[in-house]
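For reference, the structures are reproduced in the following blocks.
Shared between the two complexes below is subunit A, which pairs with subunit B and subunit C, respectively.
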Partner chain A sequence: MQLRNRAAYGFLAPYLLIFAAFWIWPIISSFMMSFQNTRINPWVFSPGANWGRLFTDPAFYNALKNTMIILVIQVPVMITLATVMAVLLNSPLLKARGLFRFAFFAPVVVGEVAYAAVFRLMFNLDFGIINKLLNSVGIASISWFSDASAAMALLIIAVTWRWAGYNTIIILAGLQSIPGDVYEAATLDRVSKLRQFIYITLPLLKPIILFCVVLSIIGSMQLFTEPMLITNRGGPGGGTETLGLFLYRQGFTSLNFGYASAIAYTMAALAILISLLNLWVGRDAK
Partner chain B sequence: MKSQSRSTLIRSLSLHAVLIPLALVWLFPLWMMFVFATMPDYGIFSPQIELLPSTHFIENVSNLQADTDFIRALIISIGVAITYTVLSVLLTSMAGWALARYSFVGKSLVIAIILGTITLPYFVVVIPQFIMVAREFKMANTWIALIVPPLFNSLGVLFMRQAFSMMPVELFDAARVEGVKEWQIFLRIALPLARPTMAALAIILFLASWNNYLWPLLINSRPGMMTAPVALGTLIGLTKVSWGGIMAGAVLLTAPILVIFILLQRHFIAGIAAGAVK
Partner chain C sequence: MAELSLKNVGKRFGSYEIIRNASLEVADGEFVVFVGPSGCGKSTLLRMIAGLEPITDGEISIGDTVVNNVEPADRGIAMVFQSYALYPHMTVEENLAFGLRMTGNPKADTERRVQRVADILQIKELMKRRPKQLSGGQRQRVAIGRAIVREPRVFLFDEPLSNLDAELRVQMRVEISRLHKELGTTMIYVTHDQTEAMTLANKIVVLRSGNIEQIGAPLDLYDNPANQFVAGFVGSPKMNFMSAEIVAADGENVTLTLVNQGNVQLTLPLKNPPPSIGDKVTLGVRPEHFAKAGEGIADLTIKVDVAEHLGNTSYIYANVAGGEQLIIEREESRNENIRDTLTIAIKSSHALLFDSDGNRLR
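Let's look at the complex of A and B:
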């Protein structure tokens, strides 16, 4: 018995080796770096160099503010949309189910760079199809890239398009795991479809929707490719700079690894906070 | 009875009245990607509304190739994605098997740490990964740098572990009585049974590697060692660049993965939905 269990270490070893080298050590290393001044050689312990700077850096607060605005608007919109899509896709009355599933799920497989390029062209001020269509119904062109609020809206639209289907897949799987006889009983008792949705479906879906919310918050918090490529490096003038992009600039353009690590750990603290909040909200789910 | 079938009809009509426009809006960017990829630059930047494809796709591909060596980048992307998928499925299956079928010291700790990384932002590890690979090992702009550091994944292990724990114990115990070695039980009995799960995992991992942008951007930014998304990304934002070319590149990146998606939709959806079942 003991000898047999020893084989487990053999199966685990390669995976744990990669895990230790490229995750465990980096987690410790970036924590230590956040307390070091990495702009001088050799690096020295100096907690104020990064953490002191972070809390007084207007660029950090700008990135934090932008990230929060995106989170607060984008995540609820997307999760609501994904829930609606999942419920509609689950309807037994639906024809051509495969086509609709393709329409909503296909963006999930499209790479960030590819869709960033399309969105840039579609939302171009003078030649973009979106402004042309707006003009054709009498709405003036919107400067999606030079107006900060419009650029934020563009990012939110783009991210929602890319990720709604992903959440729809997860919520749909949850819907399909609800036994049908629950609804049959409710229908016999003449409970309306809407009330069935509110009093049966939503409570049963709560853990799955919470799971989607947490994954989406943590994903949107790290938003990088979209502000980098769609709104041209956080433009206009930092109007769409997110925490992810701010970290990229500090870490990989200015090569200030210590400061970038402090930003990364701020994100981690937010992620932990959100996970705890999720545990608290979902505490009576099980 | 009649009024019931009538209300069903109304419900069905209103269902489609909501879903059809929503689906069209959702398909629109994909459609436009293919349209742009077939249009010459003067067509893309014309004041008319153009919603139908033209005939300039091949020309756009050659414009793209003139801007950056995209074919080489595609070959690198294909090689990296295939190698990464094979290695990652193997590593993840082995670890999932160990965590599902053996009891050993430290097992619950390992599972707890793996679970803990799910909500950890990637940015926490990417900075030291970069310093390690680029500065300490001096391995920037190599295949190994692209493939090895992203090999760890947490959801995949839990996915494989679940598949292995659902198999009947008797199967493996019978083999042990016959004196079959542990690694042979894994290779000959467990792995073949886990094939559907491995297929779903492989698709998700292939997709992740194919579309990966941040890590390849950081570590392999030298022309000639760039992956296809990185090569395409460098063109976005340049002023003198063929946008028809960029869109042709976007199509070359997207079309193969869409075909895989259509052919293997069931496995693909199973892989994503598995994220929710713990």
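Let's look at the complex of A and C:
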């Protein structure tokens, strides 16, 4: 090896060591762990203990079902909302654009615990402002934390509130990269504003929207904070338990690291699979 | 096809005036070129005709209709943009048909019109390609095609050739000219390139800082510029301007001295209004209008700085004194070299005179 290269690797070595110890090794180690029965001491190699259990465990299927419901409802709602907000933010008629842009992005910056606490207060059965508002228009109070469907809706509302602005900013950047004269040409072609949006804006935004969808899918697959903090550890009775929370409980409450590892790998595989499916469906027809 | 008329049209952004009092009549089938330096308002004026910029004063009519408050789509115009503005996600064929499809034009008619355009512009083999798979010239052709397909009453071109290389520009220029002959539609064309203006136009409109300086046929502008700006802008290489001072004026003739050309004196016929003695004026002579020594009203002896021999003609660049460069075109000067001195003459018939504000005196 040349001296130059040796010196370069020398400088890289501290980082590579840390990368190997805290990144590569946990990935390998957890993969091996998923094949071990970690409920007995010492751990023994027993693939069926975790992978076999995974496919028969009703708790896993419950968490998977909850995660999928959130994914299937929340991601499309949020991306649609983000696209609409981005178009509105991009409007030349809008005043104080910078302020709105910041306001929509702000939820991402807010601390998770603080936002969870505020949501718990707002959706409180007896004194939360949401129920008060519902009552004022004649709708009965909803017990957001003890009814499984309501709790699921609450989760979806919370996640959408937190991440819609983030996606809005990404889509807005995409919108601004579409040259204005294309719209002028369409205007002269007698194409209405709505059709310009459908036939020009959306197709040109497709790669950006796909990117946001994939990011959101990965995020939803890992959803943890909201069911942990807002719906009180996946309550009521596991009604909002997600895969992320199920993993946490297996790993850090039951200390069954082998099973938690198997869940983690399943989540990653599912996220990759769904994202690839998405990219395949949204690919450019050649 | 339609005539177009602008009456005292103006455009202001706040207190900033971009177009002032522009009036223009364009006859049916005419090819009009707006020309002027960057920022003179020529593209804005075109966009005002298209309806993409609202006007603040005056009246624009296309055919018999005042279109001030008519939507761009309903003005019967088609525009070719400098950046082509093709729909990047559609094939050439879809680009051409998009507008017609969106307005519910019968499918068979759309297909016929797209085919006709493909024939006219020879882009049949490109129909299935996307814009990013096309060269600049091909994109420009598609952009023109998209305008033709609409069968507009007026075509608007906004510097359509400025993104092309020199050779392609000449080729496309010829093609646009051919297209105009073939279609016979009114065309308005914006450019900063006076050669394009001279070669394409039936009528040139010269703009400067939002004012129309002169309107006329290309050769009229060349032979009879209204002022020093038009004289300098039209023609390549530029007209030579020599600083001068009036030393005598008798109501029939004026005598001036060329202060930066060795105080050579010459007398030109000039009646009304006679400038006063001592007035600063500018003498304008085109590069090809100098005569051989002794054949004009005054001889100038100049030192050759650079000689460009182009084969059919030569350009002599001489910077005699005071930074006042002269360019002389001479067909028979293959042998002139740097540092040679040369005596040329100014002919009365081709000497223009401008006052200190640039207005034409003769």
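By our rule, the second predicted complex is superposed on the first by the 265 of 286 C-alpha atoms of A that agree within 3 Å, B and C clash if a C-alpha of one lies under 4 Å from a C-alpha of the other, contacts with A are read in each partner's own complex, and residues count from 1 in each chain.
By our rule, contacts are C-beta pairs under 8 Å (C-beta built on N, C-alpha and C of every residue); 3 or more make two chains touch, one makes a residue touch a chain.
Since the model is a prediction, treat every value here as computed from it, not as a measurement.
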Per the contact definition in the header, classify A:204: touching subunit B only (first), subunit C only (second), both, or neither. second
Quick one: name whichever of subunit B and subunit C touches more residues of subunit A. B
Identify the partner contact of A:184: answer first if only subunit B is touched, second if only subunit C is, both if each is, neither if none is. second
Contacts of A:136 with subunit B and subunit C, given as first, second, both or neither: first
Please indicate which partner A:100 is in contact with in the superposed arrangement: first for subunit B, second for subunit C, both, or neither. first
In the superposed view, which residues of subunit A touch subunit B and also subunit C? none
Touching subunit A in the complex: which residues of subunit B? 8, 11-12, 15-16, 18-19, 22-24, 26-27, 29-30, 32-33, 36, 44-47, 49-51, 91-92, 94-95, 97-99, 101-104, 107, 110, 113-114, 117, 119-132, 148-149, 151-152, 157, 176, 182-183, 186, 207, 210-211, 213-214, 218, 229-230, 232-233, 236-237, 243, 246-247, 249-251, 253-254, 257-258, 260-262, 265, 268-269, 272-273, 275-277
Write out the stretch or stretches of subunit A touching subunit B in their complex. 4-12, 14-16, 18-19, 21-27, 29-30, 33, 85, 88, 91, 93-95, 99-122, 126-127, 129, 132-133, 136, 161, 164-166, 169-170, 172-174, 208, 211-212, 214-215, 218, 221-222, 224-225, 228-229, 232-233, 244, 247-248, 251-252, 257, 260-261, 263-265, 267-268, 271-272, 274-275
Given the complex with subunit C, which residues does subunit A contribute to the contact? 179, 181-182, 184-192, 195, 199-200, 203-204
Which part of subunit C faces subunit A closely enough to touch in the complex? 50, 52, 72-74, 77-79, 81, 83, 85-89, 98-99, 102-103, 146, 150
